[in-house]
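I'd like to ask some things about the structure below.
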Amino acid sequence: MTEQFEPVIIGFTCNWCSYRAADLAGTARIKYPPNIRLIRLMCSGRLDPTFVLQALASGADGVMITGCHPGECHYLEQNYKAMRRFLLLRRMLTQMGIEPQRVKLVWASAAEGARLAQEITAMVEEVRALGPLNWGKVEVPAFSPHPSSLKEEVPA
Amino acid sequence: MAERIGVYVCHCGSNIAGVVDVVQVAQWAAGRLKHRGVIIARDYKFMCSSLGQELIEQDIKELGLTRVVVAACSPHLHEQTFRNACARAGLNPYLCELVSIREQVSWVHTDKVAATEKAKAVTSGGVERVLWDEPLEPLRVPIHPATLVVGGGIAGIQAALEIADGGHRVYLVEREPSIGGHMAQFDKTFPTLDCAACILTPKMVSVGMHPNITMMTWSEVEKVEGYVGNFTVTVRQKARCVKTDLCTGCGVCEEKCPKKVVDNVFEAGLGYRKAIYTPFAQAVPKYPVIDRENCTYFQKGTCKACEKFCPTGAIDFSQQDELITLQVGNIVLATGFDLFDSRRIPQYGYGRLANVFTSLEFERMCNAAGPTNGNVVLRDGLTAPKTVGIIHCVGSRDKNFNNYCSAICCMQSLKFAHIVKERTGAEVYNFYIDMRTAAKAYDEFDQRVRDEGTHVIRGRAAEVTDAARMPGEEGKLIIQAEDTLIGRQRRIPVDMVLLAAGLEPRRDAKQTAQLFGLSCSADGWFIEKHPKLDPVATMTEGIFIAGCVQGPKDIPNSVVQGAAAAARVQGRIQQKEISLEPVRASINEHRCSGCRICNNLCPFNAILFHDDRMVSEINPALCQGCGTCVAACPAGAISGTVFSNEQILAQIQGLLMLNLNGGRVEELVAA
Amino acid sequence: MSENGSKPKFAMYWAAACGGCEIAVLNIHEKILDVDANFEIVFWPVAMDAKYKDVEAMPDGSILLTLFNGAIRNSENEAIARLLRRKSQILVAFGSCACQGGLPSLANLGTSQALFDAAYDGPSTDNPQGVRPQPQWAAPEGQLHIPEFYPAVKTLNQVVPVDYYMPGCPPESPQIAAVIDLVLQVLGGKAALPPPGAVIGAGDSTVCDECKRARNEKKITQFVRIQDVQPDPALCLLEQGLLCNGPATRSGCGALCPMAGALCVGCYGPAEGVLDYGARLMTAVASVIDSTNPAEIERILDGIPDPAGAFYRFNMGGSLLRAGRLPRKSKVAHEP
Amino acid sequence: MNYGYYPGCSLERNAAAYDVSTRAVAAHLGLGLDELEDWNCCGATEYIAINKLAAYALIGRNLALAQKQLHAPGNGRLAADGRAQLVAPCSACFLNLRKADRYLQDDETLRTATNEALAAGGLRYDPGTIFVRHLLDVMVNDVGFEEIKRRVTKPLTGLRVAPYYGCLLVRPRLGGELSNAEYPTELDQLMKALGAEVVDFPLKAHCCGGHMTQISAEVAYELLRRLLQNAADYKADVIVTLCPMCQLNLDAYQSRVNQHFGAGFNLPILYFTQMMGLAFGLDEKALGFGKEIVSAAAALAKIGEPPKAGAPARRRKDDKALPMPGAKP
Amino acid sequence: MTSPIHPQQTFLQDVIDATPGGDTLRTCLQCGTCGGSCPSGADMDATPRRLFAMIAAGLRDEVLQSNTPWYCVSCYYCMVRCPQEIHITDVMYSLKRMAIREGYTDHDAAPDFSQTFIGYVERYGRSFELGLATRFHLAHSPLRKVGIGTLALDMFARDRLALTPKRIKDMEGLHAILETAKAMARKAEATGGSKLL
């Protein structure tokens, strides 16, 4: 085991801006910690809050949502919708005991590879400081078997 | 059906293999992801090479792969390559996923162990996702052969002529009474100093006479519906109050009209026109229009002098605006630029100090057909200046205004220096930050103007004032600046100041963008599909941009873009149909509750609501696949191809390696 | 299906719930006679006397149909759920609490400690000794046990596999009657059972589908509370800034609440295929907020003082974050 | 309307005329000015040149006192946005207070450190809680020209006024200054509202030399000469100012400028509040007249005189002149 | 003969750190708007623009010896006109502080004026014009005190010059605040926390 807690962060990126920013960070060999794993969406507007909940519920310690800067959306204005959802989601997550630092919204244009890398680095640090998503607090009930196992348990 | 997945891990020479243990990743995938359907996992030096692609093709054929995951570079680079390879081997190309372990792993991480672990996770994410990929076909859309060109400046003219010469119908919509745009206002054009009218007029005439061009001046686009290949455009033809079939263009009306108006458009505020007018002598078309806002008859109910004197009875005060509907397959936007408003920089005194002029005012002044017949004079209309200062970068390269370089104003200022010298023999001082003359024969022009004795001072003018401080300054305008090459302040008394105001997006650029469903950059210039490799296409299929609407540029580049846009349009028309990426959303009517949440979320108006059935529907040709509506539908009635819920949720789980736990999310969480 | 001529056996159980589900079943009028005529009721504590040990004594799988209502709040609920699962061929999660945790699962937003504090130390409680429930208690008469209180409310399928889900708080009587009809038809060989895991007794669109209120493109500039306004009786409530849960709630109830001028509260749970009810409702509502200015959006959002409560009222138990979850169907990659 | 009031050191003695006229005019207009208790010097432009942190702490003390006093429960001095408004008549004080508030907001290190220092005096300041405003801004934007016009009983007809803004009220642009950093017009409009004839003073926002009179007199005299010369060129009777430093430099050093350049400027320098009081018909003694070194008596005597020359000749019909930008036909 | 430049690498960073919003200094275009705008530009031995080039080149000595910051009258013209939105005036203040700290200024009157001014502020909590004028002028231009004297007389005559300084009530509190601030600054200097300097 490593002594240091290594968080896992799922990043949602927009195909036109932040995914390209990540490409650019790569091309420019800008370094950032390997704790983030990216998923490409067509737009930050595609971001369904369910994805965030699913990632957190599935073991991610943080989620970074990224998109074009306001006013620069490739699809004109969809990032504003992402922003609205994010602002409401953040309120809801706080009530659910999830620290707001674990879910971030970052605007990064295709040119901002360095900025994206910087944001990732900062977020990894922050989440590392918070420690693992505290499921103790969340009180997850015990596991329930998969419905496909019905066959075995229910006599014919 | 059992899926048979092939995983291919690329070394990219040492680009990936130098950091990620690619062999280990492939072995791991073959072993640990076997239960997810991975039947073969290979690593290879260069997956994108023809040998690498053949490897995949061979496996598809021989091992009967049903899905393919390539772990290599960014999908933006080679997604198409690997999809094509799959297609060649008979596998639907959309059953192939390319995940990035180069840009997102080996190039950005240094810890080899961690990078290898991440590469595994990324691959696992790809495998989970590919399981949910669906076989898709590109959408095919027929192309209507007619084209709409909006804006009759040099860029629009060029585009229209090229397309029309290719044998296709063009509708050219221009807001002003005549085509010509800014270029028609100039006297001479750099760097060769040809007369603008001499080179532009023949082109304008060609447009006017071209059998394939329907010219619609004094018109504006009101509505754009439909999508690439099949746009329905509504154009408002403003009432000219002149019957064009009767008017001979004799100009008597204009002469007799008693109402004089400052012409803020064509004469840039430096001259007058009448209430009935053609903006300039070579205007195309030649028919005048009545400017109702200023016409005495329309404002006060009496006058009608024009009607009285018109020899052909062409005046018709009762004309109304007309709405015309056009059917076109492609659109070229060439609406150009506006000049930066120099009043925004009060220290240069424009609008307060009479003898400070903007560049466009000066263009009109030195134009032989302009308000001063080409005489370079002060605001009094009589006195020739003995000293003239030209200030570069007005409103450009300045974070307080526009941060960009307007690209043409250095050359334009040098042109002014030349013209002033030529016409008046005055001493000329150009104040510049950097002399930007980077195009063919441009720097030579700079040298020529210096050779003619123009003084160039490297330093941005700090202010223009009429407050004399030293002897010799009384009654003059004083330009104060630091001559940065000697590091001293200088005050140059001049008679006339010319401001090289920058180029700005049209004041209504945002509305125009909205009308056509395009995006503007933060500055307001329309965004091209790719700044280097696709500068005239836009993200909206079927809509192209040319000229200054895309960013500041000179005439040669505007012409190049007009021609390039035309070439793109003609290619489309020739193909007769285009295929579009099948990234689309669709609504399951059965599930849709008609809640109308999604209805105003689509910026492309792709979602329509059927009142009768109370369900919403997506027009696949308008949908651009952003997925916003998919993410919003509370009933889960909307799904999207290529980025479906299942694909993304599965990828999340794959990235978190939950597939290794037999789907038992909670166990991992509890751990 | 019935074995050697005897009537198939029927059971119903009431776990952490209010009892409304039981009443709803009794409320199916003459249909209840069909139940009695066609089934042998072996276990239904609210209607007849029976002991757990009687059920334990039954052979496994001997009960044909069990309607289980209520969420799993304590160890007793879970034990009976397991017991009935073993004994039943068809186990139906009956009502919101069994399906999605129902109202009781809102408790999952806080800790057990906080719940006890509220219940045993609240302003309306007189408890001078500060007595708290103890799972075990040594009384002079001997050791006493009460069921163990779980830290979180679970849905039925979080403790045992469930065959069918029948949502509603309670499920609407006509829907119950229809389900009973279906089972009878299946028994008579005239119909087939729906696929396992299906939701029965409900529609597969959402409440808006059944709601007759007129609606327009949605643009919300403020949220209001229903007690503070006089809503337009014919217009979509959500459009009027009222947080109606209809868009995200499975249809089947006939849009009773919105048609009566009340807000849909979401008792029928998520629509088909939806992973997390609250997230879907929330994303829909957030999407149509009519502002692009963060400060303005925040101001509008201030109109929803308790988002988690508002979006998950009946569905917290089934949420991704605050309880167990319906495991996602995993795409089978290869045949085992 | 009620405001916190920070007079600043100058207004205590050297610019007493500004202080008394401000108080008189404010009382007349019903503006409540609630002087900050135990305020200290803002440090002018000097402290910041020696010790940054101490300078911010010095200014911070005033802001902290203002926060304490103006945010005290029930004093009713909060604006709609929850900030309390603190008015400073001196441009240097205004800028120091405004800038400190802004930079403390922007710079976390500085904010923390400043508050650490303030804590030693039992104080703390939360940037953004005090909205620092200049007196002219309040007059123009809160009271408004309409109200001011309504109050005028003795219009300043016939008096040619050069409105002089100086630097620190119009620049730098930290938000909330006057309309324009180069060519502001608020004071012009105010003087017009009082009935004065306002000259379009090109150097209206140029520098008076600030502390340069103390450091390099020659440099300072030249800056002052430019202003005086320009005002004289435009035939101004008085220069109206809104800053004690500007007033002092132009007034007290005018004779030295004359000496130095062999010039004969004789331009009285008055505060805009004095002009307001005059036009409102307030008692002249209560407005601090007579404290100016260059006497204003002769200039003020002109008030009420009919304008000398007739209207300027109309343009000839055949005028060749080109239209001025923005001109109507 | 001037010697070739030996750049002092950290100088630019030091100036940036000392200036609120100082980062922009790196982006100076050398356009000269500041130098052209400056009312005392003609009397400075380097225009602000030139000074910034010197800072970038690391000419610490020359910059800190320059009279430029001391001739800055805080008119902020440069700052509002600078196309790169550089906080020029604030840079001037930073340079003054650096010059004083690093002992570059004994030749100049300006720092002494600032010092004398704040001496009174620190002592009384308010400025004291008469004291300032006499002390400062006695020290720097005793010959001119006659001239200043007539000015002072004019002021006296109109009751515009106080004979005794005003003192604030909580002098103790102010003293504690300023001493704490100064102590922190000294500590920052010792430990190199230049953002506070």
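As written, the chain order gives the labels A, B, C, D and E, with residue 1 at the start of each chain.
What we mean here is this: contacts are C-beta pairs under 8 Å (C-beta built on N, C-alpha and C of every residue); 3 or more make two chains touch, one makes a residue touch a chain.
The shown structure was predicted, so the numbers you read here are calculated from the model rather than taken from an experiment.
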If you take the chains that touch subunit B and keep only those that also touch subunit D, what is left?
E
Which neighbours do subunit C and subunit E have in common?
B
Find the chain most remote from subunit B, comparing centres computed as mean CA coordinates.
C
Taking each chain's centre as the mean of its CA atoms, which one is most distant from subunit E?
C
Starting from the mean Cα coordinates of subunit A and subunit B, work out the distance between those two points in Å.
33
For subunit B and subunit E, what's the span in angstrom between their mean Cα positions?
49
Express in whole angstrom the distance between the two chain centres, defined as the mean CA positions of subunit D and subunit E.
23
Subunit E: positions in contact with at least two other chains
77, 80
Residue ranges of subunit A touching at least 2 other chains are 48-50, 54, 57, 77, 81, 85, 140, 142-144, 146
At least two partner chains per residue is the criterion; list those residues in subunit C.
275, 280, 283, 287, 324-325, 327, 330
Between which chains does touch occur?
A-B, A-C, B-C, B-D, B-E, D-E
Subunit B contact footprint on subunit A (complex, rising order):
6, 8, 10, 19-20, 22-23, 25-27, 29-34, 37-43, 45-51, 54-55, 57-60, 69, 71-78, 81, 85, 117, 135, 140, 142-144, 146
Spell out the part of subunit D that touches subunit B in their complex, as residue ranges.
180, 182-183, 200, 202-203, 226, 229-230, 233, 319-329
Enumerate the contact residues on subunit B facing subunit D in the complex.
260-262, 269-272, 343, 346-347, 350-352, 354, 358, 361, 365, 371-372, 377, 379-382, 463, 465-469
Sort out for me which residues of subunit B touch subunit C in the complex.
2-3, 5, 35-37, 131-132, 590-601, 609, 614, 628, 631-637, 645-646, 649-650, 663, 665-666
Contact footprint of subunit E on subunit D as seen in their complex
9, 12-16, 38-41, 43-54, 56-58, 60-61, 103, 106-107, 109-110, 113-114, 116-123, 167-168, 171-173, 181-182, 206-207, 209-212, 214-217, 219, 223, 252-253, 256, 290-293
